[in-house]
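Look at the two complexes coming up: subunit A is in both, with subunit B in one and subunit C in the other.
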Partner chain A sequence: MVTAVEIPTGNTPALTPARRGFWRNLWRVLRRKPTRVAGAVIVALFVVMGVVGPFLYPANLPTDPGNAYAGPSGSHLLGTDFQGTDVLALLVTGSRYVLVAAVIAAACTVVVGTGIGLYAGYRRGGPDSVLMRITDFIITIPGLPLLLVLSTLWKYSNPLTMGLVLGVTGWGSVARAVRSQTLSLRERGFIEAARGLGLSTAHVVRKELLPNVAPYVAMNLLISVTVYIYLEVGLFFLGVLPFNENNWGVMISQAVQNGVTQTGQGLAYLLSPLVAILLLTLGIVLLVDAMDEVFNPRLRED
Partner chain B sequence: MRRTAVAATALALCATLAATSCSSSSSSSKGGGTFTAILTQIDSKAPINPYNQSTNSFRGYNAMMLGWSKNTATDPNKFYPAIAKSWELSPDGTKLTVHIQPNAKWSDGKPVTGDDLKLSAAVAYAEGGSAFAAIPGTAGGTVDVKVIDDKTVEFDQNATKPLNTWFANVMTMYVLPAHVWSAQVPSDIWDTIHTALTGSAADAKTAQDTITALGKKLIGWGPDKDVSAGPFTLTRVTTSEALLTKNKNFYDADKIAPSQVVIKNYQDNSTIVNLLLKGEIDGSVYVAVSQSQLDKILAVKGNQVVSGASPVQASLVFNESKKPFDNVHVRRGLAYLIDRAQVTKVGESSSGKASPYPAGLTAAQIQGWGVSTSGLNAYSVDTAKAATEFQQAGLKQAGGKWTLPDGKPFTVPIQTTSDFNDWTSGASNVAAQLQAAGVDAKVTASSDYATYLADLAAGKFTVSWWLTALGPSAYNIYQRLYGAANGWTLGTGGGVAHSAAGQSGNWMGEAESADVSGLGTVNPGELTNQLSQVPPDQQKQIVAKLAAFTNDQVPAIAMWDYVNQNFVNTNRFTGFPPNDADVLRQPQGVWMQLGYIKAKAK
Partner chain C sequence: MRNLLVRLAGHLVRALVMIWVVATFTFFLIRLMPGDPVAAQYEKLVQQGMSPDAARNATRLTYGFLPTGSGWDQYVHYLWRLLHFDFGRSTQTLGVNASAEVLTGAKWTIGLVLAGILISFALGTVLGVIAAIRRSSGVGDALTITGSLFHAIPQFVMALVLITVFTVIWPVFPTDGNVDILVDPGFNGPYVASLVSHASLPALAYALSMFGSYLLTMRSSVISVLGDDFVLAAELRGLTRTMRLRYIARNALLPLFTIFALTIGFMFGGAVFIEKAFNYPGMGITLINSIGHRDYSTMNATFLLITAAVIVANIVADLLYTAIDPRVRRGGEAVA
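Take a look at the complex of A and B:
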């Protein structure tokens, strides 16, 4: 008996329907709850702010020391900082560093954590032991103190460095969780069938296992972004990192150090980055709810 | 965020550095009560040892010196009596005879005698005080201490290489109880000291090693129970505060109003401001606050501020071993671009005044030393002059941006520390001004002051914040710019040697000499060294010359002169010193000794 297998040619847009399906599916999931739409809008706004925002302002924001700590007004919607710089401008131009670093860190965490988790869980044996010991080592490293020490060596002058350092030190728990799921999945029938067919490890991992752990990975990607924002803003707030970039953490640090919490003067300067972080976190949490349903068919309500 | 620590540190650096006579209402020195103060960081595990950096021996309270420096801008030899009731200095300045307060007693009732001073001098040798260096031939070194009688002691300076700073260095010697400390000091210590100073080379070396080892041992030691000749003794100390009780045996006990003093831990600026906002602090050392914080603090009932001149200045200093900052035209050009008044407004609005001239001196010091300002360049903001200077240095302007001769961007990396918010705010403003003028300036903050100083000394920074004009003596003032940090070190023979940039602690990297129009070739390190050796009238001429040299060569751009701002509260105590009183540069314990601070009548 001959079985005819249709092999897609290079000209066939084989993935296009799938991609279209993802976006259509996402839109359908989002519309189901207004909160999800709100989350997506918030996240989109911050992405636009990070990408386009800095282009709206001059590279060197103007100062006006005679107008320091001014409250919100028509000319300064969110007031001014300690040297009279517009807080909205600081917030917008400062968003890029924070967001880019957090996204790079989250991507790093997910890629490294998922890759190691899948491989270790599927291969088991020696590679699993070695990789999990490395993972345990990474997990046991106290993140914040390590970053404080590293800050004496690196200046984190760009978000790429910051993101990589955060990501490289934060993938441990993702790797462990993905490995656990993989260990469970590899005993399932469809994996055994794939192995029985003699499919390569790479194929099994990429085509069979990865789609099944994708929901977890996607959730982690988004949640990690918020975690890394807290972490990097915290580091800037503590004042252990250079503040040569406009940055939300620097704004909070400067506001507190200049006594805003004690005098109340320039409160908008302090609250603006805090509210921005809160809003972004809220947006991501709301979006996670939608993404969960998109990636996990069992949760679909239709 | 210890913004306050800048000046606190500065005042500490000023060797003996540390109010509206708030009320003329009826007051009493015997009213008792607890005086709450902010003085320094508290370490509950620290020894009661004034030489230890983390100490529970608080100057002016339970730690006493021979005298309290008035920190006069032009005469560092003016002192208030402390353990020394009076003194005579020989005309050539090499013999000091100290008369101990006749009623001086330790808190355990034993009298303060000449033996206490002699033992204290021995400990000073062990700890390596500048007037007590156990090295033969040290300029300005003490060569002998003689107990004339129970209440009289004579100190002799190295007569072949006398320094005019010796007297002040001896007067700021801590006085320790011999009957408590003598068990820690070998009985033959003075033989060892004399061998170190006058013995053969081999014997002197052995003796010096012995003294150094003793110093290392003593620095960590402290008695279990405080025995003080000051107005207070330490009763207990926790991580948050130290409690001191009035010493009834203090020679001027009648002048001391509080029955107790609580010294709160100098944790950070925020904590201090919160305490001030609660009205809980009766007297604090220098606290730099923003204008809004100041307004809020002064709105609290009883809170007042007393302020006076401070011999401390915040400056941007160049590491001239790094190009293009070795070029004087670059430094001058930058000086022309920075509006120092604006930087001061942003960085130190309430307790700083824009420095009028980059000359290594505060405005008060310029006035005090009678330096003619007609020849000094104020470097008022002038972009045209800046451009001329930059062009002379070979810099080019393209598209509004300044570039180096090779076309690379001209970058000014400014280093500060997160510990001092006035510096970080000021640095941000400097960067903003330079960026607006087409100079690519970036600010980076070290995580803490200790790291900052270590990296600074290692020559890692290019342009950094630095405290200058640290008086009171003219020598100390210019030693800050033309001392070890810039390659000039004092030799034992009284001369100076210059090390190349990057060696022997030289992180400023200035050339050993420079030609200055009207002055000729000037070696500022040698001139500075002369300040410690010549009488005041000659010092005046040297100060003028160094001011002109500094103003021309701009090794540092002075941003602001600190104002010594002390907060007091008149709810419980009154009779604080008036504004501009020299005693403001000493801790409140000294104020009390001098008759200030009375309990408020109820």
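Take a look at the complex of A and C:
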């Protein structure tokens, strides 16, 4: 489900910039283009929104049925929904579910994918072929239809279970890419040297291999977040999950079911979560662009 | 040639195993469902006074499942039916076979997605070449970011934004469905026009959400080809810019065919969001409705067809790559 980014294998000097301080490098690369700073700021704002936002509002948002589908105004910056609830409040309180589930899923993907990829690539032989068969299987099964079918059994009732299910079905391409990178790394001199010194497998994997695949894994973590936001909000949009917690997907689904796209009334209610997803995706894409340059200086022209 | 046959055989075995695993998975999924629908139907019929044998046959006809007997018998019977492409009856549309239900949806999805794939392929490759050649300028940067962004934007966001713009704010396209029901079906002007105008926005939404991956792949492929010796040789021979671009594009297109084949394979399951947003009666809608109605036969048939298409496309992509790129063929081993 997660489309793995292209990795330049072989003689990537991945470690060199990391040694000079990852954060200082990131900052330098960010500053080069204002769009990248914008990306970082957008992502930071959404993180703050997810962490702090829900505390700013009461648990049950006030409704006002007389004032449904109001346009943006001073008291309701983004208008109101079908029962007169402030859309901005819905947007802010709904962000936590979306972000928490996506981050859990992405973390799950990266941990499982990297673990399996490193193990299979380093051990090779029997365990490798078995793990790669499983990986192929996970990659081949179409993710969204699988999640839809699973929704008949599983209720994804809270962000934790949602994140776990997404993560468990989506680690395949990360595992495959990490494995192929490990395969090429293990033939390089420093790994051979480490083995020649008699260092344990655990040491080689954790201290020698992991740092070299880490940049790639970090980028995939960010990209996975966008993919999982896409999928989880999409599942709610399709209306196959119960709406027991407010989130962006529920907002979109409700807006469509209440005929916003037919009448054009309450457009702000429909567009707010859409724009939020667009902005967050844009922010992450810009940030990934910056990280790409930190980790792969070779990608720069000339 | 022999290598190719061996590989083909290996692929087929793996594909069959995979389809078997998926079929087994759905068998257990449906059996594990809270309040087992098959048993429920059987017991209901028995309580209504039907003899156990008759109830058993009636339930079997509906679900393609045996309601009683050991788990193993039920499982073997289920696989046997699948081998005959018998998925049971749909429970939401009475008397219709689940497979017929699925094929009706598939017809609409194929048209929609093929149009979308062709548009996005053309758009993505052309923009990808530009992005690669101008990769150090603002144009290249902007194209790359646009590609990544459109690749990451959810299809339903794309679809709903298009709906908002082109049917609500500036109503030039119809909102939902596949055709105007008031028009006479058949090959006549108004009907075709209605079909096209209903399919335009969904196809556009699909194309916009797909071209990003073609753009990014084409870009990195062209960049790697640009470093090849033959490009330098062409330049030294004094070939014109257009001629060189044709050399480059032909070589750089190879990796795209793999994605192309995979996208075609994923087409049945790939437009779920768009079909839902536009209420377009394709396979995605069939799947969602069958889940909403707990119509397990149709759900099973749809899911198996979507998965089988992906598996077949994987094989085709691999073989296609061998066929069009002689460099891969020589060793008999896939390099890509």
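One rule holds in what follows: the second predicted complex is superposed on the first by the 273 of 302 C-alpha atoms of A that agree within 3 Å, B and C clash if a C-alpha of one lies under 4 Å from a C-alpha of the other, contacts with A are read in each partner's own complex, and residues count from 1 in each chain.
Just so it is clear, contacts are C-beta pairs under 8 Å (C-beta built on N, C-alpha and C of every residue); 3 or more make two chains touch, one makes a residue touch a chain.
Quantities reported herein were computed from a predicted structural model and do not represent experimental measurements.
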First (subunit B), second (subunit C), both or neither touched by A:Ser151: both
First, second, both or neither for A:Phe295, with subunit B first and subunit C second: neither
Partner chain(s) touched by A:Val256 [first = subunit B, second = subunit C, both, neither]: both
Superposed model, subunit A: greater residue contact from subunit B or subunit C: C
Partner chain in contact with A:Val233 - subunit B first, subunit C second, else both or neither: second
Contacts of A:Tyr119 with subunit B and subunit C, given as first, second, both or neither: neither
Partner chain(s) touched by A:Tyr69 [first = subunit B, second = subunit C, both, neither]: first
Common ground on subunit A, meaning residues reached by subunit C in one complex and by subunit B in the other: 148, 151-152, 238-240, 256, 261-262
Touching residues (chain side subunit A, partner subunit B) in the complex: 59-63, 65-66, 68-69, 82-83, 85, 148, 151-152, 155, 157, 238-244, 253-254, 256-259, 261-263, 265-266
Parts of subunit B lying in touch with subunit A, wherever the complex brings them together: 1, 3, 269-270, 273-274, 277, 289-290, 292-293, 295-296, 342, 345-346, 418-419, 421, 424-425, 428-429, 431-433, 435-436, 442-445, 447, 451
Footprint of subunit A on subunit C - complex, ascending: 14, 18, 21-22, 26, 29, 32-34, 135-136, 141, 144-145, 148-149, 151-157, 160-161, 163-164, 167-169, 175, 213, 216, 220, 266, 269, 272-273, 276-277, 287-288, 291-292, 294, 299, 302-303, 306-307, 310-311, 314
Subunit A residues within the subunit C interface of the complex: 3, 6, 33, 35, 136-137, 140-142, 144-146, 148-153, 223, 226-227, 229-230, 233-234, 237-240, 252, 256, 261-262, 264, 267, 270-271, 274, 277-278, 281-282, 284-286, 288-289, 301-302
